[in-house]
Structure formats: C-alpha cells, structure tokens
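In structure tokens below, several structures.
Two complexes follow with subunit A in common, the first pairing it with subunit B and the second with subunit C.
Right, the complex of A and B next:
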C-alpha cells in the first residue's frame, strides 16, 4: 500500500467548498437574479422577467425563496397607472453572493 | 424618458451567461463530483461518497445523470474480494466543466 498514492491524501478541501455552496444562492436562476440585482440595486418584476427570460410563475417562485432567506425585499407600488413590484437586494443578499463567488473561486482555483 | 437611464441598456450579457449555466453541471453535487473526478481522473463509489459526504442513493442518482449526459463512465469490478464501482470523467465531462468555469468567470468578471 503506497500511502502516497491514496487519493484521499490529495488536497481534501473541495468537499468543504462544495458544502459551502449554498443552494439558495447557487441555483442558476437565483444566482442570475442576485447578479442582476447587485448591478441594478433594485428592479421591477417585468424587467427581471425579460432580462432573465423567466415566466411569471418561475420568477415569483425564486423571488419568494430569496425573500424567505432575507436576500431580497419586495415593494409593491405604482408608476402612473401601472402596478409595479420592485425587488431590492439586501445587505445579506450582497454578502451571500460575495460568499458564493469566493467559494467558487476557491473551488476552481480561479 | 431618459433612454440612457433605462436599465435594459446596461450590460445585457448576464442573461446569456445564466442561460449557458448548464444545470447538469452547475448543480452543486454534480459540480463537486466533476471537480473531484477531474483531479483524480477516476474514483470508486466509496471514495466519492466519503469525499463529498453523500449517501449511496444521492451519489447513485447524480452519477446516473452525469452518465446519461456522457460526462462520466462507470465500470464495475473487483479489488480482491471487494466489489467496486469506478467512475471516470470523460472528455465531454472535462469540456463541460471547463465551459461552466468559463461561464462563471464571465458572469462574475472573475
């Protein structure tokens, strides 16, 4: 048994990086939403829908998950006659996105 | 209407990056499996289980998805008395992982 050839002796830090990839943030659509919201700070539903090519149901579902985790806030309002739903990234949302980016960077040695 | 203030005029390339994040590869556990397999080239089930802290069922399910997409191959064999299932990353698997990393890099300007 050549202990040196044991793959378990290779760098073992990936599993911890993977464990740190929080599914709330890592999931593709939610990651896209957070990236866009980090850039725009706030955006309305119709903008997010067209920007990320999502259906109403799909967008609503993912925004709800992000809100339940305190990563975005929602504000309903009007612009002229038009009802609007605004979504804003929170400080926790920005932190969570930063953690995701840092984790991916470690994982891939980017 | 100040056209310049229209957020849709901000850099619009995230949606294409997000669309390119292939869920087969992007999903957290499968991403971890591909990262480990890229490093070890091949590994057996029990090693992957302990390395990524997965259950049998969970590992089997994700390996099956990767195999169905041609990203890994599976070989059953023995080492002494012990039955082993070896998983190997394919050329397509390495390419898919490289594409994921490239896409994330573009998305985050890493």
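Right, the complex of A and C next:
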C-alpha cells in the first residue's frame, strides 16, 4: 500500500517531522531574524527593526531569546555620537536555521 | 496544521532572505570596482607602459578586494547591514601576500584574481557573481596570452584597417581591456538595478 493511500501513515510522518521543529527557531519573528542574519552575518538593531517591521521592545525580546539559546551574539558600541547594537549569528544559529528550513521543506513536500 | 502553515512560512522566509541579500549589494560592488580597474589598465597600453600592465594587476587585484571591503564597511556603518560571508579584506591581504611570495602566480595574476572572487561568490551562494568571476578569470587569462590581440589583429588586417605590413597592432590590448571592463561595469549596473528593486519591494 502506498503512503499516500493511508492517511494514518501520512499523519505519523507529519508528526515525526513536527517533532523535529525547534520551538525557539520556529517562531515566525525569530525565524525571520535568523534568515536575515544568516544572509548578512551581522546587522544592527535599527536595520533589523525596519526590515522585519518590529517595535523596539518586540525585537529586543526575540533577540534576547535567541541569545539565551546561543543562536546569536550581541555587541554594543559607539560609532561617533551614535550608540549601536550589532547582532551576529553564531554557528549554532546557522545550524539550527538550516535544520528548521529542512524540516519545513519536508513538511511542505508531504 | 503544520503542513498547511509551512508553505506560506517558506514563502515569507524566501522573500525576507532575498530582501536581506539585496540590501547587502552583493554583486554590483565588486563587479563595478573590478570593471573599473580593467578599464584603467588600458591606460598602460595607450601610454607605452605595457610592460607595467602585469605589475598593475599585481597591485590592482588586491586593491580591488580592499576597495570592496572599504565600501562594504562604509555601507555597514551607514545602513547597519553586514557584508555576509567571505571577507574581501582577508582575501585582498592573502592575495597581496601570495603575489609577493609566489612569483609564478604573476603569470596567472588575472585568473588568480578571478579565482579569489569566485571563492567569495561560492561562500555567499551568489551564482551571478560566481559566473562573472569565472568570466573575469577566463577572459583575463585569454587577455594575458594575447588571444584577443591576435584575433583583433587578424580581423583588422582582413578588413584592411591595419595592414600587417604596418607592424604590430598595439591598440588591440587597450580595446580589449576597455571592452572587457565596460562589460563588467555593465553587468555590475544590471546587478545594482536588480538589488535596488528587490530591496525596495
């Protein structure tokens, strides 16, 4: 019997993929943050805020969660008169993102 | 539930990735810089300093990478967007040291520069830049072994613009350098147009 013919087999397959999803990365905003950082390697707070259309508080909260899980690092500094916060993706962050995208694609292909 | 959500999520991820990619200006900057350097190299041919053309590329190659690094640093500070994977600064320094220590590389300076650009393009998963870098290396190699000069010389002779009896057609290298450089700049400007469009979308 083909897997497509048996809904219970398909459901089991989907559940096994869902179990692979990382709750920290799967959240929409954090996934977006990691995607942007994967592409740019590092970006400052203002850029991330405008690119992802987030408020200061919301962005800060999500960055903090990613940092607590070792997926990004934060560097604060001054450039001239301007205070800037740089967010950089870590290797663990890149790996977690790659796994998440792979899992999402597997679910999409079911 | 997750299956039905994964498609729009992947679409969003793809769109966001493209925007961040375009914000970096990943292809246009190096193409315009190296195209400009190729056009500038024609000056050596026109001013009877053709022997210095080789030395020019030994310095201009690493300088191209350092100029790209400087531009990306400026952009990072101005807009807050990082340059992505692959450091132009490190590549430029490594290339400069390699040219200083490995003399045989002088013969293949242009393919070496093209290869260094290709490495960055591969690290950034940038197909457009990879194709242009390969083109730069291959054309650069053919230029350095005078392939285009000879062909232009033959063509000029065939159409009667410049007879072989007149001697060597020294303007050919300058023509090739300018055409090759203009082509690089044009591909860079096309890339820039696309990057700006995707950035603002």
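Keep in mind that, in the parts below, the second predicted complex is superposed on the first by the 99 of 110 C-alpha atoms of A that agree within 3 Å, B and C clash if a C-alpha of one lies under 4 Å from a C-alpha of the other, contacts with A are read in each partner's own complex, and residues count from 1 in each chain.
Operating definition for what follows: a contact is a pair of C-beta atoms (placed from the backbone, for glycine too) under 8 Å apart; a residue touches a chain by one contact, two chains touch by 3 or more.
Predicted model only: the values in this text are computed from it and were never measured.
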In the overlay, answer first, second, both or neither for which of subunit B and subunit C A:31 touches. both
Per the contact definition in the header, classify A:39: touching subunit B only (first), subunit C only (second), both, or neither. both
May I ask you to decide whether A:84 touches subunit B, subunit C, both, or neither, giving the answer as first, second, both or neither? second
Subunit B versus subunit C as contact partner of A:47, first or second or both or neither: both
Is A:69 touching the first partner subunit B, the second partner subunit C, both, or neither of them? neither
Quick check for you: in the superposed arrangement, does A:104 touch first (subunit B), second (subunit C), both or neither? both
Partner chain(s) touched by A:23 [first = subunit B, second = subunit C, both, neither]: first
List the residues of subunit A that touch subunit B in one complex and subunit C in the other. 14, 18, 21, 28, 31-32, 35-36, 39-40, 43, 47, 51-52, 101, 104-105, 107-108, 110
Can you list the subunit A residues touching subunit C in their complex? 14, 17-18, 21, 28, 31-32, 35-36, 38-48, 51-52, 79, 84, 88, 101, 104-105, 107-108, 110
Touching subunit A in the complex: which residues of subunit C? 2-3, 6-7, 9-10, 12-13, 16-17, 19-21, 23-24, 76-77, 79-85
Quick check on the complex: what are the subunit B residues that touch subunit A? 7-8, 10-12, 14-15, 17-19, 21, 23, 26, 28-29, 31-32, 35-36, 39-40, 43, 47, 50-53, 101, 104-105, 107-108, 110
